[in-house]
Amino acid sequence: MPAIRILYFASLRERVGRASAELPGDDPLTVAEAWSRLNPALPLPPNTLAAINHEYVDLGAPVRGGDELAFFPPVTGG
Amino acid sequence: MPAIRILYFASLRERVGRASAELPGDDPLTVAEAWSRLNPALPLPPNTLAAINHEYVDLGAPVRGGDELAFFPPVTGG
Amino acid sequence: MAVRIEIREHGFEPLAELAAHQQALDARLAGRYGATASFIGTMRDHNEGDDVRGMRLEHYPGMTERELARLAEEAVERWSLLDALVIHRVGELLPNDPIVLVAVWSAHRGAAFDACRWIMEALKSRAPFWKHETLPDGSRWVAKNTTG
Amino acid sequence: MAVRIEIREHGFEPLAELAAHQQALDARLAGRYGATASFIGTMRDHNEGDDVRGMRLEHYPGMTERELARLAEEAVERWSLLDALVIHRVGELLPNDPIVLVAVWSAHRGAAFDACRWIMEALKSRAPFWKHETLPDGSRWVAKNTTG
């Protein structure tokens, strides 16, 4: 089973201290569980957005091996 | 006393059959009276707009010698 | 406050006008505006279900400029615009010819969107222009502007 | 339906882009559109009361393009647009640098105004871009977009 690839952007990347991470793909997980497994000492900041494979998802959405899971703060483009 | 200069535009000009007219300026008149004096056989068409010296006015507004009075149909620019 | 109003008797290129105006404006306003909203009205080859071959745009010289300046200044005041530009064609037009350009500059986008649209709607209801369309089998005055 | 989405890593000229896009589009659509609404967002030298010296615009490559295409296509569908163009800068910007261009073409003005504004608001709330500002004495992430 391929791994889950995790990406952090903008202020969240600075807070976490890295731009990306991996989790084994053979373990069923939700988005929120993926966060706490990777960042046990840092509660998910309020207003954090998550996307799986470039689609916005809820924190309860399932993440599977091979997925790209991204965490980021509210967007500020335009 | 200078005359009142009257202008007609667009479909109203075609209906009246001329682009301009004059009335003596020494006679107190309203916009509606100026119309009926000039066009006794043609009732003022509904929705006609009037302006005195480039400012929209009501049909009851007074017209004075030296004024430029314009009659025109609803505007269709833009 | 700045407002530029122009009536053009010959064809014009709205985007070239906009670029030239903006370049001049940057000398004064660079860094101050965050939002530019613009609208271009273009002649279509169809209207109310009919083919349209050409159009004559009449206006009331003098009153037109005054009315356009008045409504643009009203918008500048109301939305604290940094600049506004209105250019309107008159004369003989063919399909795809530009009819009108409205552009506004402001610090924030809400004001730019609101003001640009308001100027267009006010222009359509107040500025003394009249369209006369040439159809395949005759011609007609456009009776009334549709609501935007 | 036509939609063009671009992310630019270097400076761009919104009005030149718009002119080139429109010229290409005229081959297909001349005479069919009566309304072009556009919005240009430009970097200001001040924000929330502070001087801003520069800005870095980050994004999420891949998701950005997908999200922009999705919202532009949604607007095309909803307002029966004839065409839509969205260009957004990323990278290092200075005051007065263009950030974003949104332009739409439609038969009637109401659809053009509505769709252009809707795309900008949707972009601001959904497209994964983040602004990092350089101030005279430090730097900061912009925390939240203001409502338009």
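Letters A, B, C and D name the chains as they come in the text, with residue numbers starting at 1 for each one.
The definition used in the following text is that a residue touches a chain if its C-beta (ideal position, glycine included) is under 8 Å from a C-beta of that chain, and two chains touch if they have at least 3 such contacts.
Given the structure is predicted, the values throughout are model-derived calculations rather than measurements.
In the absence of chain C, grouping the other chains by touching gives A, D | B.
Spacing of chain A relative to chain D, judged by their CA centroids, is 27 angstrom.
Chain B and chain D, compared by their mean Cα positions, are separated by 48 Å. If you average the Cα atoms of chain A and of chain B, the two centres end up 72 Å apart.
Within chain A, contacts with two or more other chains are made by residues 78.
In chain D, the residues touching two or more other chains are 41, 109, 120.
Pairs of chains that satisfy the touch definition comprise A-D, B-C, C-D. For chain B in complex with chain C, the touching residues are 7, 9-11, 51, 54, 56, 70, 72-78.
The touching residues of chain D, when paired with chain A in their complex, are 41, 57-60, 62-63, 66-67, 88, 99-100, 120, 123-132, 141-145. Listed in rising order, the residues of chain D touching chain C in the complex are 15-16, 18-19, 22, 26, 30-46, 95-96, 107-110, 112-113, 116-117, 120, 146-148.
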